[in-house]
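The first chain written gets the first letter, and so on, giving A, B, C and D; residue counts start at 1 in each chain.
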Amino acid sequence: MIPGGRRRVYELLELAAPGDHASRACDIFIITLICANVVALILDSVEAIHQAAPLAFTIFEGASVGIFTIEYILRVWSYVEDPRYSHPVRGRMRLVLSPIQLLDLLAILPYLLLLVGLDLRVLRVVRLLARAARLSRYFSGLRTLGNVIHAKRYELFMVTIVLGVLLVLASSLMYFAEREVQPEEYSSIPATMWWTIVTLTTVGYGDVFPVTSAGRLLAGVIAVLGIGIFALPAGILGSGFLEEVQQRQSEPKTCPHCGLEIAD
Amino acid sequence: MIPGGRRRVYELLELAAPGDHASRACDIFIITLICANVVALILDSVEAIHQAAPLAFTIFEGASVGIFTIEYILRVWSYVEDPRYSHPVRGRMRLVLSPIQLLDLLAILPYLLLLVGLDLRVLRVVRLLARAARLSRYFSGLRTLGNVIHAKRYELFMVTIVLGVLLVLASSLMYFAEREVQPEEYSSIPATMWWTIVTLTTVGYGDVFPVTSAGRLLAGVIAVLGIGIFALPAGILGSGFLEEVQQRQSEPKTCPHCGLEIAD
Amino acid sequence: MIPGGRRRVYELLELAAPGDHASRACDIFIITLICANVVALILDSVEAIHQAAPLAFTIFEGASVGIFTIEYILRVWSYVEDPRYSHPVRGRMRLVLSPIQLLDLLAILPYLLLLVGLDLRVLRVVRLLARAARLSRYFSGLRTLGNVIHAKRYELFMVTIVLGVLLVLASSLMYFAEREVQPEEYSSIPATMWWTIVTLTTVGYGDVFPVTSAGRLLAGVIAVLGIGIFALPAGILGSGFLEEVQQRQSEPKTCPHCGLEIAD
Amino acid sequence: MIPGGRRRVYELLELAAPGDHASRACDIFIITLICANVVALILDSVEAIHQAAPLAFTIFEGASVGIFTIEYILRVWSYVEDPRYSHPVRGRMRLVLSPIQLLDLLAILPYLLLLVGLDLRVLRVVRLLARAARLSRYFSGLRTLGNVIHAKRYELFMVTIVLGVLLVLASSLMYFAEREVQPEEYSSIPATMWWTIVTLTTVGYGDVFPVTSAGRLLAGVIAVLGIGIFALPAGILGSGFLEEVQQRQSEPKTCPHCGLEIAD
């Protein structure tokens, strides 16, 4: 194969350059195939649909994995055209070990293992995740969201810490308050954590709830603290989005008096 | 009919100009009639009220549709006075096909079809929607809200995408975690989606909830992520409202030194 | 009585001036009495406590109303010292008809009517409300909160409108989707509104929930819209609090070059 | 013992200075021991785990308390090296009575009392709290969160006041609306408060809910007000986080015209 052919394959697999219609068609085909696989996995779980056409899903899945395998091999072969992976051996190693490429491998490996006898059906979900992650490469808009979350990752991590401490503390106190009266539901601190998380997030299924006065008093305090658990990330992300907007707006200005640039 | 008469009809149907009391009375009459129709549809659904006066609602509905039909015809006839729709044929076509006018047609069509024998009772709700949409023309204040949501539509759309991916992923994982123990409630991935949406939005009816340890662990993570699903739009809209306010405030200023205008 | 005595009564009843210890003691006594009345009304509703000391509550209530009546009369008598109500007749009329004074009358009237034979027990709650409103006069800090809500009242009102339209629309659609299968729970549109409000606010008791596929799909959309119903006021109030802070910070500045004031 | 030895003990117990590896190891050992104690208390509550190794937990707990006691004594002995507590008697008194040191005492005292015959098992939870509080000293990042909450403590306190008034008022009204039909669930105002807090926080377990029309109307209003209860702290904290960020950014600037510093 000539290097020009390898270059073309690389261009087709990469995000399409403006005007490159063939590459764009290639992108759309892969997106559609990924989406169709997600839909197939969802529909296949419905008993009635699965029994109406049991073979159809198996064949579609096999064909998809075949295409994804070919895509994977072509990518490893052609990506030496990318300056980042230009070395034939070390470049390819780095590509294969990059997170997105490992996810792609995860998306085809379970099926390939199935062919050699290993049944890892639960891995279909992992494959689903791998597929979804692959799609994000086509949604540049998710980057704004990701930027804000990334800029505020430290504050959000601290909220998680606070949530964790609250979870342990509330569960321990609740366990001591309710275990006498409801030994089934509040059988241990880890079991009580189920109640705590359902209350702190204000989901409140109603499968477990306190019945003693002490427990209800405690639950009231915990539920009110749950409001804070909502308010903190809302406040953090709110300020994050605003900073993101302000950063985009703040370009260097020039003073109208002397024409020199003023740092904001 | 003289053109002056057509112009007057146009003025009466349009939002009233300041001081035009007749046109204002016309606006208020239409608003009241729309509200009364909404109230009638609600009350008519109550068995006791419906049986107390079954004819009253039918007569009121017929009369209202009659008035709305006359209004519709008058509008099509008179709106050539509006510069946007001035052409007798093409202007009227554009008016008839404009979204708000199509909604108006939807609001009278089901009843007219009923007269010729087609029973589309479910369309009464669509009519209700059409009526409500009509009212928004009188609430200029909704525009601020709409502006903010419109300015942030891209970020909000991204949140919907994230919600969608979470929905599919969480439902798939939960389905594999709980289907053995609760085959009724978690019968398929689409069925599990009901649980997921009820949990992610923190509604938590309690008709379906996980009972296995793995399922509860997973549900805890999903419920906590649900907090983020609330925090993201709250943060996005928060920054949106602030920008809206700042935009309104930022008028051109003059430099206190030399009296020249400074762009903000 | 000498005018000086009337002036002193006025000072005692008004919020204490700094250093006026007697007036301060008077304030604290009234606050304590109001709080004690609220606590008494709450405790009196507990059967066991009521039966342990049935007379105690009646006596305490009677004594409190007596004090409040004396306070009311003294206020009407002495407030002509206040420049706003200085006219003996017209000033007093204005005082008696002012909202806070009417609330005070509401707080004593039901008991006085009880003495002449009218039993308006449900008015005890109104009295509770009147009492609580009276306390707000001592909490100057609530004013910041009130300012922000007041500054954003228009946007918040618009959210209420949107909530109202959503409520009517969602209830109508849900009624048509579920009434066949659950004629008890979804018996009419007003009855369905109970389900809608419980879902839109994400409370989700679980006493009513959809069981049909169409109903669940619709409920999912409504629950997701419920997130927006939370996000809108959070965003509005967030920007309100920020503006409040910025307004307090923005005082006139002087230019360091020429000493002239610069409007921000 | 020589003063140099006491100084070294002080350095080991304090947060490690950069490069002091022995002190850092000491920090990590204490953190690990605290975490292990929390995990042990949680696991010990699980019946199966407790019975599998009943002695292991007792021994581990005893050993931990032993180490914490030694740490406590060493701290009291060596902290005279700290300038704040340099006085042998008064400095040590101040150290012993400082909040963090009292918490440390609380963490070991219950066990020591157990040795002399007093069984205060419920205090194990308090000990857990004391342990968790101790960890916060190692998480400097929690300070940002704490700063924002501290800066906005007044507004947040006002929200709590509003929540309290709403709680009392809603419970009283609901009690009068539902007590006839559901005398069990709405037996008194304090009992009704359980329903109110579950509704205002939008948890909604579904163990108690109104069934009368008046009660449901009232509950709808209360649930909608519950949205505000979420929106207020979210808005307050949102503006708080933004101010925190702006404060960190605002450093003194120099005027581009004359090079002099301008206060922002």
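Just so it is clear, contacts are C-beta pairs under 8 Å (C-beta built on N, C-alpha and C of every residue); 3 or more make two chains touch, one makes a residue touch a chain.
These numbers were taken from a predicted model, which means no experiment stands behind them.
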item: Interface with more contacting C-beta pairs, comparing A-D to A-C; value: A-D
item: Chain whose mean Cα position lies farthest from chain B; value: D
item: Cα-superposition angle relating the copies chain C and chain B, to nearest 5°; value: 90
item: Copy pair chain A, chain B: interface residue numbering same or different (half cut); value: different
item: Inter-centroid spacing, chain D versus chain A (mean Cα positions, whole Å); value: 31
item: Chain centre separation (chain A, chain C; CA means) in Å; value: 44
item: Overlap residues in chain B, where contacts from two or more other chains coincide; value: 202-206, 230, 234-236, 238-239, 242, 257
item: Overall pattern in which the protein chains touch one another (line/ring/star/complete/other); value: complete
item: Footprint of chain B on chain A - complex, ascending; value: 38, 41-43, 45-47, 122, 125, 128-129, 132, 139, 141-142, 144-145, 148, 163, 193-194, 197-198, 201-207, 229-230, 233-242, 244-245, 256-257
item: Interfacial residue positions of chain C with respect to chain B in the complex; value: 154-155, 157-159, 161-162, 165, 168-169, 171-173, 175-176, 187-191, 199, 202-206, 209, 216, 219-220, 223-224, 226-228, 230-232, 234-236, 238-239, 242-243, 255, 257-258, 260-263
item: Chain C residues within the chain A interface of the complex; value: 202-206, 234-235, 238
